[in-house]
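Each of the two complexes below includes subunit A, the first together with subunit B, the second together with subunit C.
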Partner chain A sequence: MVNIFKVMATLNKRILYLTLLILIIVGCLYPIALPITVTPWTTDFYNKINAVQPGEILLVHWGEGPGVEKTMWSAIKLTLWQFMQRRVKIIWMTTMPMAPPVGEMLLNDPLIKDAMKEEHYVVGTNFTDIGFVYMESGLVNFVKDIQGFTQNKFKDTFVGKLKDMNDIQYCYYMGGDPDAYKWLAQHVSLRFKTKIFTISDPSTFPTHLTYLKAGNFYSCLDGVTGSAEYELLTGKAGPFLGRMGAISTTSLFFALVIVLGNIGYFGWERKERVKPIKVGEKNV
Partner chain B sequence: MDECLIMMEIARKRETAIIITTVSFLITFLPYFFPIPALDVVQKYTVDWALITSYFMAIVGFYYLTKVNLIRLQKRPQGWLYGIITVILVWYMCITGFAFGTGHMSFKFFYDAIALSLTAMVGAIQGFYLVGAGNKIFRFRDVKSSFLLGAAVVILLKNAPVTTVIFPGIQPVGTYLIDILVNSANRAFKIGTAIAGIALGIRVLLGKESSQVGLATEG
Partner chain C sequence: MYEDLLIKYIGMILVIFLLTTLYGKATPFHTLSVSLLTAVAVGYLVVFCVGAIYQNVLLVFQGQPLTIVGVIIGSMLLFRFIPRYSVLSRIPIAFSAGTMLGLSFRTVVFTEIIGFTTSAVKPLFTPTGDWFVNFNNISTVVLTATILCVFIYTFPTMYKGPVKGIGKLGELFLYGALGAYCTNAFISNMNAALATIGQYLTTTSDMAIFFSIAIITFIAMIALDKRGILEKYSI
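And now, the complex of A and B:
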């Protein structure tokens, strides 16, 4: 006779993977508009961007790899769009070798292109791309001496009037490199008055919150759930709001698997558990 | 010729490496505490050197990647084919990028069709492994493991938007876990590693950390 507790404790991986796959595919193919709640961090992020004054300067520290296009694209483009609605002057800086093509994709996104047209963004006047800045040493040189770093190449643009990071009011770090946000905290927020916004995936988000609590960062956004929340807040429904159904079902499935594992553990595995092998003892 | 040998001998000395490390450290460290313009200028030059050197590292990495995989091609150990595919792709991206620019279709195609999808896939695959592992790892074995189990379940339910709507109480509990508990533990961990880093730095400056100057095997 089949021991149901044993089955629960040792669930077949093939069945688990297949069920998860079905839940994801069905959730993506047939998106269900499930109600979602907006987290306090996302609300704070949204409100703080709304408080940005027209004409203030934003340094976009773009360091995202290609994966973000599938995971948190809406949050990335809607936050940038929101900044553009505030008519900030934007300095675009790329900081990761794989990032430039993704940055290009973002700037070519219809929503961003339209916003640039509607808000009269003109390259050189209120939008300047200073290109690739390599690692910590590049950032240190930039923040301390903008003209020296750019070798006066942008003297005819608004960047030409900036001396150091004190002249830039906001920085928006889009990336998940654990070193990059340490450098920003160390070289930008501790030495200058620039307020730093960050966006990241859920795995690095708690670390960003540590810097937020310490006052190094101004506001932080979890890009994955933040994508759907931002679609809700801005009223620009996109694919991520629909995908929340898949996130809900897969998260609940994960919780169910844990519960089943524990029932199986108490019903079968605990009784059958072999004595743990001590260090140095032979496993026979 | 003799002078060259003497110079090489000096360069190889452990003391030389320690002196260079100490001087570089002081040049980058002191301007944080003493706003002396001259020190700032010297620091800027040192940082520039670091920047230039880091570009050379990329070239050295490129060279060794090719060399190591060509040797593997001769010996053909397990998985050699993957190495060859890597080398071919690296060379392809370099040549097309340099020759036609990063905006050219030949460069963009590989990036958009391969790099983009594969990077997303690496993240997606983890979900499957986590579900498999979740069934085995998150067990109520004792009081300590129950903390991990409880936190995992709360965070999972908090991340499922539908649960936060049905049980609004989950959201503040999950937020408390991330915002207060994870934060405080994270901070303690970070402060601990920073202090350990300072201790290691002092050992390097005092020449007690022989591995830093390439003398680990002699110790």
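And now, the complex of A and C:
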């Protein structure tokens, strides 16, 4: 008699990945319009940006690599666009070697370019790119002495009037560096009480929420679902809204496979009293 | 225009080559695409770093002579290539590790220990509160207490005495938390896969090219496998 638990536990992974691939392709070819609920975090993020006052200063901590264009581009683009609608003064800081070309791509996006034109963003007046700030030591030096760090290069711009991080009201962390958000919590939020917005992929989002609960961050956004939710909230439909159906279907499939796999192992172990696999021992 | 098309088709080929990993055997297509991606990333990083070093050297002549100390310490890493003096390469590693630790140590206590502990102490149940918040608060407290028990009593004593049940529960919660974390990471990467494949399936011509490349690659893979040279050319 076939042991169903054993079948569930030892199903060939290649079949699972192939099914996943088929689901992705079918989902892309025939998008499923599943209803989307805007999560409380996204609503909070949206409302808090809307509460930002014109003329306040935002430090953009940009450190996203190339992959972000595929995973959470809409959320990145639309949140920056929303900040621009609030007419904040922007300081652009790049923090990762891979980030400059992607940042350039973002600033050249038609939506951002139009927003800069419509809201009268002029380089030097209300938008200043201070360039590359390397690692934790760079950030620490910047936050405590902005003029010293920039060597008075920006004395003719609004950045020239800033002494330290106390003069900057908001920081927006858009980065893929696994440690950079910790540095911001430690050196920006803790010491200067600057309000930090963060955007991240789903794998880092739970960690960001921990910092949010601890009061280190002001608001956090999950970039993947946030992209679709932001397209919904701002009324600027993009590719992510249509893709959410496929994401939900494939995610559900994968979650189901994990649950069934665990039940399979549990049942198989109980039924046949299989010894737990030891380190170095070959899997079945 | 032509650049965009070239990037698109190269991307398409790379995606299909990477997907050949589903075949279950090492394939030269997968090796080629992985090596290419690594080489491009390393090449970019080298160019970037050389630029950064050049900028730092320039600073020395712009009235910041102390920058030379950083350049010298950083250059000492290259001693790794000379076995006789490789011990000297430990100095910059020790220097940077010590500096980073010193910078973060004074603040990490507040942000990651006191901050997280304070946020874990919650009112268990507020009758007028949102049920979702109540559930979150209860689960935060229960999970913190039980998982803490696993680590405090460590594995030999975890299943003995009064903490037996709590330890077992903590272990299960730990598995659950790690499982949820992995699932989350997988779903995140799956979304990237979905978006990457999805961009090639928007027009009929792109779809035709995508599936044609996929079929040709699959046939080539089978042919190489039949001749027994599939894994031979996969390093």
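One rule holds for everything that comes next: the second predicted complex is superposed on the first by the 248 of 284 C-alpha atoms of A that agree within 3 Å, B and C clash if a C-alpha of one lies under 4 Å from a C-alpha of the other, contacts with A are read in each partner's own complex, and residues count from 1 in each chain.
Keep in mind that, in the parts below, a residue touches a chain if its C-beta (ideal position, glycine included) is under 8 Å from a C-beta of that chain, and two chains touch if they have at least 3 such contacts.
Here the structure is a predicted model, which is why all the values come from computation and not from measurement.
By the touch criterion defined above, A:Ser137 reaches both subunit B and subunit C. Looking at the shared chain after the overlay, A:Gly261 reaches subunit B, while subunit C stays out of its contact range. Once the two complexes are overlaid on the shared chain, A:Ala228 sits against subunit B while remaining clear of subunit C. Of the two partner chains placed around the shared chain by superposition, subunit B is the only one that A:Leu11 touches, whereas subunit C remains out of contact. When the two structures are aligned on the shared chain, A:Gly67 is found in touch with subunit B and with subunit C.
Looking at the shared chain after the overlay, A:Ala33 reaches neither subunit B nor subunit C.
Once the two complexes are overlaid on the shared chain, A:Ala237 sits clear of subunit B and of subunit C alike. In the superposed model, A:Asn216 lies in contact with subunit C only, and not with subunit B.
Once the two complexes are laid over each other on the shared chain, residue contacts for A:Ala246 go to subunit C alone; subunit B is not touched. Once the two complexes are overlaid on chain A, the subunit A residues touched by subunit B in the first and by subunit C in the second are 17, 20-21, 67, 70-71, 98, 134-135, 137, 140, 201-202, 205-206, 210, 213-214, 247, 250-251, 254-255, 258, 262.
Across the complex, subunit A is touched by residues 40, 44, 47-48, 50-51, 54-55, 102-103, 108, 111-112, 115-116, 119-120, 122-124, 127-128, 130-132, 134-136, 138-141, 149, 152-153, 156-157, 159-165, 168, 171, 175, 178-179, 182-183, 186-187, 190 of subunit B.
The residues of subunit A lying in touch with subunit B in their complex are 11, 13, 16-17, 20-21, 34-37, 39-40, 65-67, 69-71, 98, 100-102, 104, 134-135, 137-138, 140-141, 144-145, 148, 201-202, 205-207, 209-210, 213-214, 225, 228, 244-245, 247-255, 257-262, 265-266, 269.
The part of subunit A that touches subunit C in the complex is made up of residues 14, 17-18, 20-21, 24-25, 27-29, 67, 70-71, 97-98, 132, 134-137, 140, 182-183, 185-187, 189-191, 201-203, 205-206, 210-211, 213-216, 224, 239, 243, 246-247, 250-251, 254-255, 258, 262.
Interface of subunit C with subunit A (complex): residues 19, 22-24, 41, 44-45, 48-49, 52, 99-100, 103-104, 107-108, 110-112, 115-116, 118-119, 179, 181, 183-199, 201, 207.
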